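Multiple structures are listed underneath, in structure tokens.
In the two assemblies presented below, chain A is common to both, partnered first by chain B and then by chain C.
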Partner chain A sequence: MAITVKKVDRNVDMTLWERMYIPEMICGMLITWRHFFLNFVGLFLEEVGGKHYRRIATVYYPEEMPIVPVAYRGRPVLVRSKNGIEKCVACGLCEAACPPNCISIIGGERPNGDRYPDSYVLDGSRCIFCGFCEEVCPKEAIVMSHDWKNLCEYNRSKMVYTKKELLYPERNLQKRFDVLRDKYFSAYRYRQSPNLKTEPKE
Partner chain B sequence: MSNNNMITITIDGTEVTIDGGKKIYDACIQAGIYLPGLCYDPKLTRFGGCRMCVVDVTSRGRTRTKWACCEPVKEGINVSTNSEEIRKKRKVIMEFLLAAHPLDCPTCNASGDCSLQDAAYFVEQKRGRIPIKRRNEPLLIDNPVIERDYNKCIMCGKCVSICDEIQGNGAIGFQKRGYWTEVGTPFRIPLKCDFCGQCLHVCPVGSFQDHTELYKGHAWEYETTSTICPYCSVGCTVVANVKKGSFVKITSNDLIGVNNGNLCAKGRFGHDFVQAESRLTQPAVYKHSKQEDCTWSEILEITANNIKKTIQDYGPDSVAVIASETMTNEDAFTLQKLFRSIGINNLQTLSNLNNPELNSGIFEKFGALAPLLDYNELSSAGSFFFFGCDASKENPVIANMVRVVMRDKKIPLYIANCRNTEFTPHEEERILYKYGSETHLLAALMLKLSVFPNSEMVNVENPFGSPGTTPSMNMPTAADISGVSEEEIADMAKGLSGAGKPVIFLGKEIHDHKRSTDIVAAATNLANFLGGRVILYREYCNSQGVNDMGISPTHLPNYKKVQDVDLAPAIDLFEKMKLGKIKTLVVADCDPITHFNDGKFVQEAMSQTEFIVALSSFATSTTKLAKTVFPLTTSYERDGSFTNNEGRVQLIRKVIEPIGSSRPIWEIMKDLGSNLGIEMSYNNCEDVANEISQAVEAYRGFSHKNIAFGSQVAKYKAMSDEKHSLNFTIKNVEQTEQIDVKFPITAIIGNSLYHLGALSRHSKTLNNIEPRVSVELGPDDAKNLELNDGDEVTVKSKHGAIKALLKVDNRSPIGVVFITKNFEVAPALHLIDRNDSVLKVTIAKS
Partner chain C sequence: MIGVVDLIEVLVKIGFIVVLLVGVFAPVLTWVERKQSAVMQDRIGANRADVFGFRIIGLLHAAADAIKLIFKEDFIPRGADRTLHTLAPIMALIPAILAFSVIPFGGTYTFGDREVNLVIANLDVGVLFVFAITSLATYGVFIAGWSSNNNWALLGGLRASAQMFSYEVTMGLTIIGLVMFYQSLSMVEIVAKQDIFWHWGIIWHWPAFILFLACAVAENKRIPFDAPEAESELVAGYFTEYSGLKFVMFWTAEFIEIVTISALCVVLFFGGHHIPFIADAKLIDCFSSLGANIANLVAMVIGVTVFVSKLAIIIFLQMTIRWTMPRFRYDQIMKLGWKMILPLSLIWIFVVGLGMLTNLIPRI
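Up next, the complex of A and B:
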């Protein structure tokens, strides 16, 4: 095959204005200075209680914390209900659904016959934050929290979370539940339909 | 029931030729067509409860909807299983089933192993039109092993059938009527049964659940391995379920093994000894006046040096080996090979110590009449005769096989026992004899039988054994000594000869009897007259194999006689030990102090021994006395093979990794051998098996590869010899004994349903079911002694006393009690005096 060569003209002809160099340089510096000024004034205005003026994404972490949206998928947590025990019933669906196989459960039985996870281990170093576990859970027992801090470690063994580390109080997760119910059950189906009502015996 | 005409029918266009007695469902299975049958089980009678197997049957031009599981095949019928109409019907039936079944699949134990789930997926039925009514019954946990959930029950009736037909318990049935029907006990009293767990094996949904599983996981998470149960000598195949390296539960498979999916409580629930806390995990050496953990090389060196030194100083006769009957063939073979090659011939098992002639010399004495029988031959029997055998308690799975044959072929059952043992369905005739008079009774039966001529009896010339004993034998004396009336013996003899080809089962009472060899010979003669067979039940999982491998001072592997050895040594091993003649004792995987007669004497004798080497999986009374303790793997952590009652060699498979640093015996023997200067070049267990197939003639062709998932029956040479009548001596054991007036009650010691050998006591579940030693006393005796059911009693013999729990039931007649053994806390065997044949006790409230 014959090699075809396309010639590119690298010597772009500059206009006189450009060739003068100084005005263009001043234009560029003006952009830089404008950003500097707006940030500076914005910070100052916020301090004195004025309107938040900044339009940039940079957050002054760790002095300033980002506000994550409600649908943000942070560290998966096990929901601890009001009576102090986990909602999880060790059905193993999250274990089956997990793409990187990071969850492993060994079930147990309470004296009244209820199931509970005797051990629930989530390997945070494997987790890909896909949220499948949360989607598949029939009991809303595992959800992706807004917890994004301290997820990185120097040692991988510290990233394997046990049940004790994963438990998270239910009251802090209400917003997330609302999002989930909207997303997966689309509100109207989640309302208790007469068909789903339980009827006691006789 | 079945006629052997082969019938050709058409199922969905394919032609199937099938036996005439079968149903359409069987034909569908043969044709490879899946039909959702929730209440169908080939080993049970047809129930037709779930209606899921509806098919269209066209015969003589008319099409009708039938249930495939109940409709017999007829010549020329055309079956359609997948028409539009049938699919619709199935879907509607499934809709009704699901209306009363809670869809709790994620939290249900049966999920993944649920026929209803499979069927629902098959008919593609999701939530139906009918609103689901939940019954909201609580989960019933009224026993240690079986949970019941009335909500999930779909009324297939399989559990009721199996409990009634195969297990003979009839513990559960249909209660109440209509929508509120439930499968359970009457008036919801707590479940009292054998706890065999057959109901949870057959339950298609999660209505019966294994309480020991404790929701540890789901069916799809378990790795399953089929292996052999380590308890009794039946040799059932169990399927071990393992999740992430930890043992979860045992299930059974109807298609593999001799047991057809049946298991008993020990086999199904008694597996938690594997991960028990009492397991030994590190080798230990006695130094600084206590046992201390050490390394493998250290313990091997110490043991080898000691054995060498003992042989040098006192000669090879000062070393003895006691081996258990629960070790594998490979273990037994390497053990005897090592010790025989350093000149030690004193290899014993506890059973051989008790009864030297019966176990090891069985082929020499009995030849072709050796009490081994293929389980398949049970179905061709004419009648069953339980002689001194409590089958439903000793070998529950054999009892299951007998029940199936009795159900299918309407075969009569005869029982002769010194106790009123229970067996459902009921026997035709029963004889209740006095313990010790077994030979008299058998001789009397034979005497009566010669009145009823039978063509096969003519060839036998010498029915009553050695001539010297014949004159004293006549019917009135026999009846008098055995405590059975002549009419009863006559009835029994008439029944036995009329039914033809009896299979005589000899149980634990006969096996432990002082005169067992005579009784087995007499029973064999009786069976031989009638053209039947005898089965003698050995106690442990590899009793047969250990003897085949030559763990006996008189016989080498394959029952070759050892030269220059007395068959009946004048002085037995423990007496020798007591005299200090045994310097080093190797105890492999057993505990003579708990599991041998007169345990106190054994303990004293063993403490006279200078150096005890204990190989054990658990801490026992023997390991406390030992100078070196080797931790052993249990049968679930290793490969190997067991030989069962029929002489069938079956493979055991490694299910989990060995606990701690425990090792199997063959590995220890190999390393001990290299320390003693004897090289055994085995790389794995299979190499040992290959050597066995070379050395033992009966096991020719035996290799782990050959019997990977099946089994192989050992071909004993003696089995092909001609049949002849056996000599036996008629003698009542009580004639030679002086009965002490102080101890009026005869005690029989045996295994209970839930405990056998050393393993079961380390299983938490079995201990929950039966926590302590019990004494079964008849109601009349209890009234005389002013005792009630559940009392704490002290059982005293002239030799010792144990505390026990009293159970009053009809099984024990007047003057007889039954005491369970295997409890190291209150060992019943400590009551026995080694010189007496019959154990006499008193019972008093403590």
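Up next, the complex of A and C:
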């Protein structure tokens, strides 16, 4: 298949009106002015009980906590299933996929033949929160949690997470599973579906 | 021979201007710049500095900054020229304040048999004086860049000097039409002639106002013309190697230049201290029942207030430009200066000359 090149229209062909700069500049200033007055006048209107015209995005961090979106990638955690053991089967895929090589696994085998990670060490000081581990894991055993607080330490050695710190109850991660399945599995299904033509679109 | 009363009068005026510029405008503008940009960008802005729990909408940050910068180490890099490195911020700050000496911040008022003219020096060539003095600021900037022994600083200084020299020429030419219109180079006379609203510079010379404002912002090296101190390219440009109070001097110089430029705009285009449709004499008449001296005093206070409010509006305009526009590329700055604003200002001089020749533009 020949490689097709798509020309991106960078919108550099400006009209004469745009090239005159001043009118467009005034339009831009009107936008910033509108924001200014909405936020400024809205401050006083709110005081007297008017409508909420202000669109302030600031979160007063230590007093207020930001609400992170569902697809937010926080600290990677190992999923602990309902019967109390980790879902991980020590296949080593995440170890191989991790770009900064921050995962190291030593596998083991249970008496019933199930494989499990004897030791699972994730170096939090090297993790780049890329989410590759979560993407490759065949068992949904490692996912990115919404954990973003207290991830800093004065000492790097304190940031090396072992199984003890990594295990996270499954019931708290349901939302994340939904996001994951929506993101990866539906794409997979799309590719596999015989009803859909798999030719790339123009 | 200067009498003692004259001396006191001049000193009071100088004190007023210095306190207004360094004591009021410079700290308040740092606050305005932070707060206005924040509100514009749907943020809240700096408001954490507090004294005993009082935050006063972030105004204390100026004080906190001052205290921090005073106690900071005054660092001179190795290999830098110590004398010039120390001299440069002074050379940048002095012209910025000096340019204000010919700007009238009020009219002429009579107290008893004394005439008080609210300008420090009533020069016949006030306009030329302002341009001469502001071009001296180039030395401060360039020497700062050169003496720092730092590549970023040197590049910033080079860019600054080239840019400021180019826009110096253009800025002078943009208001030649205005000078022809008012037939005077004296700031006081130009303001006096804008007594009538229809003689304001902005009404007859609005194209010149746009060109002048563009040049003035470029001269002040602020966004969108801030290539000399482009943070993303040159760290901080010519004052990369400055810290502590010397850094404050550069910063203050920049804010005072904003005020000076706004004052020039007010004086040349927006009628100085005049209220539209109310002439000075009429204003004094309104309060004549209080006695001549008090009437003059009230008119003086009103005049200065009007002047400062107009100043504030133009400063607000400049700040909005600063927080709205992206930076020009360096070649675009040069092209704009030499290939667009310069010819346009020449054309405008021609148009004004033609208009005055054919009496389409009144002579005043």
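Rule of thumb we're sticking to: the second predicted complex is superposed on the first by the 132 of 202 C-alpha atoms of A that agree within 3 Å, B and C clash if a C-alpha of one lies under 4 Å from a C-alpha of the other, contacts with A are read in each partner's own complex, and residues count from 1 in each chain.
Methods note: contacts are C-beta pairs under 8 Å (C-beta built on N, C-alpha and C of every residue); 3 or more make two chains touch, one makes a residue touch a chain.
The shown structure was predicted, so the numbers you read here are calculated from the model rather than taken from an experiment.
> Between chain B and chain C, pick out the one touching the greater number of residues of chain A.
So, of the two partners, B touches more residues of chain A.
> Check whether A:Leu93 is in contact with chain B, with chain C, with both or with neither, and answer first, second, both or neither.
first
> Scan A:Ile22 for contacts with chain B and chain C and give back first, second, both or neither.
second
> For A:Thr4, decide between first (touching chain B), second (touching chain C), both and neither.
neither
> Who does A:Thr32 touch here: chain B (first), chain C (second), both, or neither?
The answer is second: A:Thr32 touches chain C but not chain B.
> Does the superposition put A:Asn83 against chain B (first), chain C (second), both, or neither?
Once the two structures are laid over each other on A, A:Asn83 reaches no partner at all.
> Between chain B (first) and chain C (second), which does A:Ser157 come into contact with in this model arrangement: first, second, both, or neither?
In the superposition, A:Ser157 touches no partner, neither chain B nor chain C.
> Does chain B (first) or chain C (second) touch A:Gly107, or do both, or does neither?
A:Gly107 sits against chain B, while chain C stays out of touch.
> Under the definition above, what is the set of chain C residues touching chain A in their complex?
Within the complex, chain C touches chain A at residues 36, 39-44, 210, 320-321, 323-325.
> Give every residue of chain B touching chain A within the complex, in rising order.
Touching chain A from chain B are residues 106-107, 111, 131-139, 141, 147, 211, 214-218, 220-221, 243-244, 246.
> What residues on chain A touch chain B, complex-wise?
Going by the criterion above, the answer is residues 89-93, 95-96, 104-109, 112-113, 115, 118, 138, 194-195, 198-201.
> Over in the complex, which chain A residues touch chain C? Could you list them?
22, 25, 28-29, 31-33, 35-36, 39-40, 54-58
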